[in-house]
Amino acid sequence: MIGLPHYLVLSSLLFGMGLYGVLTRRNAVAILMGIELMLNAANVNFVAFTKFVDPTFVRGHVAALVIITLAACEAAVGLALIINAYRHLETVNVDQVDLLKG
Amino acid sequence: MPILTLTLFLPLVGALVLLFLPKEDADRIRRVTLGFTLATFVASLLILPRFEFGRREIQLIEQAAWIPAVGIQYKVGVDGLSLVLALLTTLLTVLSVLYSFRETHRVKEYNLLFLLLETGMLGVFFALDFFLFYVFWELTLVPMYFLIGIWGGPRREYAAIKFFLYTLVGSLAMLLGILLLYFHLPPGQRTFDVLEIVRQRPLAGTGLLAQLAFWGFFLSFAIKVPMWPFHTWLPDAHVEAPTAGSVILAAILLKLGTYGFVRFSLPLFPEVFHQHALLIATLAVIGVIYGALVAMAQTDLKKLVAYSSVNHMGYVMLAVAAAAYAYGRQELADAAATALNGATMEMLAHGIITGALFLVVGVIYDDRAHTRGVDDFGGLWAVLPKYGAVSITAMFASLGLPGLMGFVAEFLIFVGSFSIIPVFTALAALGVVITAAFFLWTIQRIFLGPTNPRWVNLPDLDRREAWTLFPLVVLMIAFGVYPKPLLDIINLTSSQLVAMLR
Amino acid sequence: MNAEALAFYALAAMVLVGGALVVYSRNLVHAAVSLVPTLLGVAGLYVLLHAEFVTAIQILIYVGAITVLILFVILLTEGATGLRVRQRNEQVPLALGVCGALVVLLWVVLLRVPWGPAAGPLPPYNPGAVGRSFLMPYVLAFEVTSLVILASLVGAIVIARREE
Amino acid sequence: MNWADLRWLVPELVVAAAAVALLGADLVLPADRKRWLGGLALASLVAAGAACAVVLTDLGGLGAPGVRVFADTYTVDAFAVYFKLVALAAVALVVLVSLDYFPGRTPHLGEVFSLLLFSGVGLLLMASASDLILLLLSIEFVSLSSYLLAGFLKRDPKSNEAGVKYFLYGAATTGVMAYGFSLLYGLTGSTILYDIAARLDRAGPAAYLAVGMALAGFGFKVSMVPFHQWTPDVYEGAPTPITAFLSVGPKAAGFAALVRTLSIGIPLEQVNWPVLLAALSAVTMTVGNLLALLQRNLKRMLAYSSIAHAGYVLIALAAWKSAWALQGLLYYLLAYLFMNLGAFFVAMVAAEGTGSDEIPDHAGLSQRAPWVAGAMVVFMLSLTGIPPTAGFFGKFYLFAAAVDAGLLWLAALAVANSVISLYYYVGVLRALYLMPPAAPGPVPVPAGLRVGVLVALIGTLAAGLYPEPVVTFVEVARRLLGS
Amino acid sequence: MARLAWLIPLFPLAGYGILIFRGRALGDRAPYVAIGAMALSAVLGWGTFLEQVLGAPPFVWRAAWAVGGERVITVGYTVDPLSSITVAMITLVGGLIFVYSVGYMHGDPYYARFFAFLSLFCAGMLTMVLANSFLLMLIGWEVIGLCSYLLIGFYFRRRSANLAQMKAFLTTRVGDTLMLVGIMALFWQFGTLDYQTVFEAVREGAEKASAVVRLGPWEVPLVTLTALLIFGGPIGKSGQFPLHVWLPDAMEGPTPVSALIHAATMVAAGVYLVGRAYPLFFFTPHHEALAWVAWVGTVTALMAGLIALAQDDIKRILAYSTISQLGFMMAGLGVLGYTAGLFHLLTHAFFKALLFLAAGSVIHAVHTNNIKEMGGLWRAMPVTFWTFLAGFLALAGVFPFAGFWSKDEILLEAYHHNPGIYALLTAAAFLTALYMSRLVAYAFFGRYRGPEQPEPDPWLPEDYARAGVRGPHHGHGAHHGPHESPPVMTVPLVVLAFFALVAGFVGIPGTGPEGGSWIHHFLKFEGFEEAGIRAPSFSWPLALRSLAVAFAGVGVAWVVYGARWVRSDQVREWVGPLYPFLRNRMYIDTVYAWVFVRGGLALAAGLRWFDVQVVDGLVNLVGWVTVLVSRLHRLFDTYVVDGLVNLVGGLTRGLGILLRPLQTGRAYNYILVAAAGVAIIVVVSLWKL
């Protein structure tokens, strides 16, 4: 029987992977992809919890839908910023974008 | 007429007026400033006829709700102690402003800061609400920072920030102490009213908390006094500050510390103070002797006077510590009162005398010789007889010559403290000899001996300078010869404090 | 092992392998393309969890829109693949440690929680339930979401537009 | 849903409508009239402020309990209204100075104001949201518009960089927070804070995990260590009005959301969050101050100082059991609004006049722009916490709360930090007053900035000299939070 | 009259005020103000004195001066035999010296200032004498100290004068401080400083077991300790060993100053104080405080006499003579010779003032102080010579001059109460006659050995110009050898010589009731009677013995310096190292200079170093490290606060620098910190809570 723990283990692994991607990538777009994985992990949790804890009000579904929408918005905004930055800085590698530090 | 409020805020009004004067019109700015300080002085004198000389308690209380939600109010009042210090403040501000007529650099800001400073200082003496007190206490820091920082000597920035940082450490420690007191009042009666808190002594018997609060207050006041070893900001600040700034700094700002000890530390934490009185007396004695000896080794006149302040404030602290040590001993009440009278007298005397000394240094440094090196002079008395007479009088007053105000103070401190802590007092009396030594040596090097040919054409005191110095010399002598009128006022507070401490 | 379990493990494998490729792949295009199986796997999980509506949206928005957008940008910026430059930064070991620690932490804590019993069965047709939820308590969230989308789009267009 | 509930949302609706309307008006208005857009934005903000007052009256005045609408997902109470007013004031002042700043730097004026208003809507929502989904949404709303605003100067590489960094950092923390929220949901079966509070008792250690991860999101918004590192880079790179906005608006709303979440959603018996936040507060203020000490760039210095101030505000949460704590927080954020906006406005004047953000380049500004420099004195002293300014009274409140709660060590640390902060704040005054002017001639002060500085100055002084009205307000707000 | 006694010090004070503010305008008329004021004081002073002589009761007046709690500290004045006779002496001698100064100081650019200071001095001295409490006494005491300081350094351009004035003030200040501590102790015990109250309390306390103070290994009765501390003041002021060193140097002042202050009045103030506070010393267990007084006096008398033998400066010899005579007075008081000591104080004032003024007249004439450069002056300056001779005889104790009577009294008391002291004092008396004879022989007899070139005037031309006077008038330059001084100077000499002769007559037995002397009747200490101590009566054998001693001294001097049967350098060879020892004032000054002056300055310099380097810094260590660290990071800012602040500043900056590398500007670094932060927050809270 596949229970809640299964989903939790899976989501935590997905979350960890996403975070790992965020932490190790130089490319901003790649970092964004890691973030998407993290958001998906959260969504898996939300949906799983809906089934196992809160089936009546399906709030988890609502949350997942909201997060998916937000992910889309983030992607739009983020990619716009990245493209614009690329035009002026001619790189999308985060460690080469370092006018600001110290 | 709310005379205290009027006195308190007249300078502030003056500052506001100055804001709207064009900064090019330096002359008008100076005159307006002088006018406002004079008005403040007159207002402070008008307190006297309203003051009931038979009452020991704080009187002429004026109060208004300010932040009732947390028990903060605007409450001012005077007793003997604050009255005399307020008078000293208003007088010396007038003289400083008068002296500063010579200042030509950024005149508007300069005078504005002086007026702000005056309100701050008066507020500290008048305030009867801890919050209000703290506000004024901090208000004195800012103008002084700028006065030193903008108009000071070559190392002014360093001295100014050092002054500011040092004193801020202390005042924030005090703030925590105040808050501790506040929160130990029973809920529902919480107030920052000084009189109420003193009456209730909320921290009595709380052990560690009372200790913490006491040391919080101590740090704040000790830095301000300054007690050894918290004194090192003082020489820098004094040396770098413009003359009038040094005057105010020495004459009034240092008194804020001793005032705090007498007004707050004593009645609020008698047990704790009693417990640590000998330690504090030790620091005071070290300050006395150390200050005098280090002063002897100085070649910069301002530094010399600054270290002599360390020395003199040591006497004040000795008396305060003695009064604290007498806590709970009925038979020492009169001695403690005498010591406290002496302490207050020394505050005034030091204010007047050291104020005069800094003016004297300024007269020679700012407009004449442009050097403060003690060894650069010699035989000045022949060239500047009036100046020499005033300077020598002030120096003798400072070394405690009878017939001048410093003696009265030291004498009362000594006879009062000796009955309580004889050994410390006897040691402190050693300081008298050293003080005499360095002042005499200074007099000799500056005024006596062959005249240094560089200075033979220096002009003597001009009329404005004479008018700045003259009132101080008169006061030095008048209260040195017959201090009773002043002591009658001061004694009200001392007796009250001693009665409270029984 | 029943069908549900089989499906779960298959989907889990798809998600994790896809995720690993997204994170590890040196070729950014590969990484972006690997997003597709991952997101689809997650969609599959939603099916297992009886969240049909969410599944639909997941496929529509994520797989359909976001992945394509990402691919676009990669192609526009890094000379198509990004193979020319190093993709991994210097903090790999640290990152590995932190992520590992976090995952272990999640396991240690979450697997011990006595997760509350379901208050009831899922409603039979849950897109309807979702709809009700959206219209009743979450109507505000719904409306705000549309505002967020509006703001993001407007802003993204302004920023992304090439200026003369 | 009940349509009548919408009356509690009038402020949000007004601002949102204005934001949308601006987009439309932007298309219609000719290029030389674009400034009118700012006027429209301002008008809507003022109207929203008025609406807030109406909402407050509808609630039944200060003393009345709040209302929960949309099935408890949204709470309108005095606490919320307070933050809404603060947020509206922040946005309004920033719009005011943007009128001088953005024309000439970007052709997309309409979008600037619109995005500002959108993020304003987000702030209003954050102040009231009592549901995790709504909270997440409103935080993201503010974040997304902020990313765009930070990167809005498209041709300025620093702005580009700030936008990208801000985005990457913010999105990552959102991911962590979303995961944390999901756990909270799983632990309690609800996203509504009131339900969570009631059901969290079974959670055990997992509650800490959930709260810890959720803190990442809040911490990001309020610049709490260790979620602070984006702050200086973004503050330095972003257009200065936006920096000013970021330093007060999202921060205040972030605190509002954090307070609401913790105080309503997380019972002290389940998660002893005050202790946790005491530690975070200590670390935050210390790190912020130490790093600020080394800065020579004014915006960057203010960024670190804003981290330090987040640390001070966190004292309120650490000292939660004191009755003074929340009042202190509320008051402090208002004070911070005025003094920090004021500081940034003066920084804008200085940058306009000297063409640099470096503090030494502002030397002698007191001679070139005396009134503005004078205002800067007040702001810096207020930020240090010297009376009679709002900043002092705020610190007074917070220190009092710490002392009241028995957190003497934290109060002492805050004192030490205040002293450190004096050093770098006075460093600014040193440049302004003690140094000779770098160049002759007066520095021009644009009208909008002039008004902005003046409002901030009056606010800082008034709130410091006569805090009674605010004190009364915050006291009530505290009593009625979430009741 | 006694009710008006408060005016006595006020006249000179008013004179001082006028002279200070209007002195320059008054010009040559300045002395009239001072002399007029002094005359008024003298009239009043003598009036009160005569009143007392005629048997008026003592009069006391008090007024509150300060308050402390319930306690009132009063000041006021006392007119009684002791104070009135001293006032009479001071006003008389003072007035004469004022007159003398008119001539002596004429032409000085600071003429008015001189008289102003003299007037202030008299005001202080009279205050001190009339005071009825230790407080007012102390005020007067310090004022005269101040005037002494100002007048010793009157020629303020002279380095030697500057040093001397400082030495005087500081040395006496040491004694004064001891006295101040004594006064504190009095106030502690009795809560008042009023003489009458204190003395009554002391007398009552004498019977009770008194408190004991432990000073290291010794236990000292509190009363005794107090009395000895008070005695510290007189030791300083009256030049008693070991604080006598300032008095010879004080001769840098103009001669009238030496006469008035450093011979007749101020230095006698110490003796006066011991007399005034006699009950305090007397009512100590076994009169032990008095024993100390006696021995200090005796040692001083002998030591100063010896040193005087080897000095060549006329004023210095007189100064050591003064020290010696003051020692006599102290010894007299100490051996229970209350009247004797004070009697000697009065007579000594006359003849020592006379000697100084006459010496001044000599110096005025020959422009040198060195007796070896004088000689044969008796012919050139007859009035000066004869008056000086009168003073000499009085000092040497030759019958019937004043000194004979008073010194004999002292020896008589010593003989009766302490034979050891008697022997030593006799030796001192011999020395007195010896060194004075040497002086007279060198200065007035033989041939003139003086230089033709006078010493330079200490003032510069601009000083005269500034003061509006024409400059040195008494014709320097072409000089025709010594000549007699003008009458304004010689008349006071004659008057003083008269008193030097007759002042002792009040001590002749039979002038008072019951066969005693008048002075014994007039000045007596009540305590003696209670204790059953009777003053010994005059005894001719003893008187003759002391007379013989005096003549022996004169005779020995005659052998060496007059007839020159033995050459003085031969004597010098005989005594070997004794001569340099005495000539160098027993090296006491040298030791003091090393220990106190250099030691004190070294200590001050050391502490200054300590203050700058250690207190203000913890510096060399921390500051250095901070600077180094800052340099390394090229982050040193101009305004790093030093001191402890520096330490804190350094630490904070250091921490800041440590934290700063975390601010790399790379988003993924930041996110790592955040993620690690979350992990840490969770782990720590799970672990700790």
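Just so it is clear, A, B, C, D and E label the chains in written order, and each chain counts residues from 1 on its own.
What we mean here is this: a residue touches a chain if its C-beta (ideal position, glycine included) is under 8 Å from a C-beta of that chain, and two chains touch if they have at least 3 such contacts.
Owing to the predicted nature of the structure, the values given are computational and were not obtained by experimental measurement.
The chains that touch both subunit C and subunit D are A, E. Placing every chain at the mean of its C-alpha atoms, the farthest one from subunit B is found to be C. Looking at which of D-E and B-E shares more C-beta pairs in contact, the answer is the pair B-E. The innermost chain, defined by the distance from its C-alpha mean to the mean of all protein C-alpha atoms, is B.
Taking the CA centroid of subunit D as reference, the farthest chain centroid is that of E. Annotation: 26 Å between the Cα-based centres of subunit A and subunit D. Chain centres here are Cα means. That of subunit A falls 95 Å from that of subunit E. The geometric centre of subunit B is 71 Å away from that of subunit C, both derived from CA atoms.
Computed centre separation for the pair subunit B/subunit D is 43 angstrom, with centres defined by C-alpha atoms.
Residues of subunit A in contact with two or more other chains: 4, 15, 18-19, 22-26, 31-32, 34, 43, 48, 52-54, 57, 59, 62, 66, 70, 73-74, 77, 80-82, 84, 94-95, 97-101. For subunit E, the set of residues that touch two or more other chains comprises 639, 641, 660, 663, 665-669, 671-672, 675-676, 678, 682, 686. Among all residues of subunit C, those that touch two or more other chains are 89, 91, 94-95, 98-99, 102, 105-106, 109-110, 115-116, 119, 137-138, 141, 145, 148, 152, 155-156, 159.
Interface note: chains touch in the pairs A-C, A-D, A-E, B-D, B-E, C-D, C-E, D-E. On subunit A, the positions that touch subunit E within their shared complex are 19, 22-26, 31, 94-95, 97-102.
On the side of subunit C, the complex with subunit A involves touching residues 2, 4-5, 8, 12, 15-16, 19-20, 22-23, 28, 31-32, 35, 38-39, 42, 45-46, 48-51, 53-54, 57-58, 61-62, 65-66, 69-70, 72-74, 76-78, 82, 85-89, 91-92, 94-96, 98-100, 102-103, 106-107, 110-111, 115-116, 118-123, 126, 129-130, 133-134, 137-138, 141, 145, 148-149, 152-153, 155-157, 159-160, 162. On the side of subunit E, the complex with subunit C involves touching residues 666, 668-669, 672, 675-676, 678-679, 682-683, 686. Within the complex, the subunit A residues that touch subunit C are 1-2, 4-10, 12-21, 23-27, 29-30, 32-34, 36-37, 40, 43-44, 47-48, 50-59, 61-62, 64-66, 68-77, 79-84, 86-87, 92-95. Taken in their complex, subunit B has these residues touching subunit D: 23, 65-70, 109, 131, 134-135, 138-139, 141-142, 145-146, 149-150, 156-157, 160-161, 164-165, 168-169, 172-173, 175-176, 179-180, 182-183, 212.
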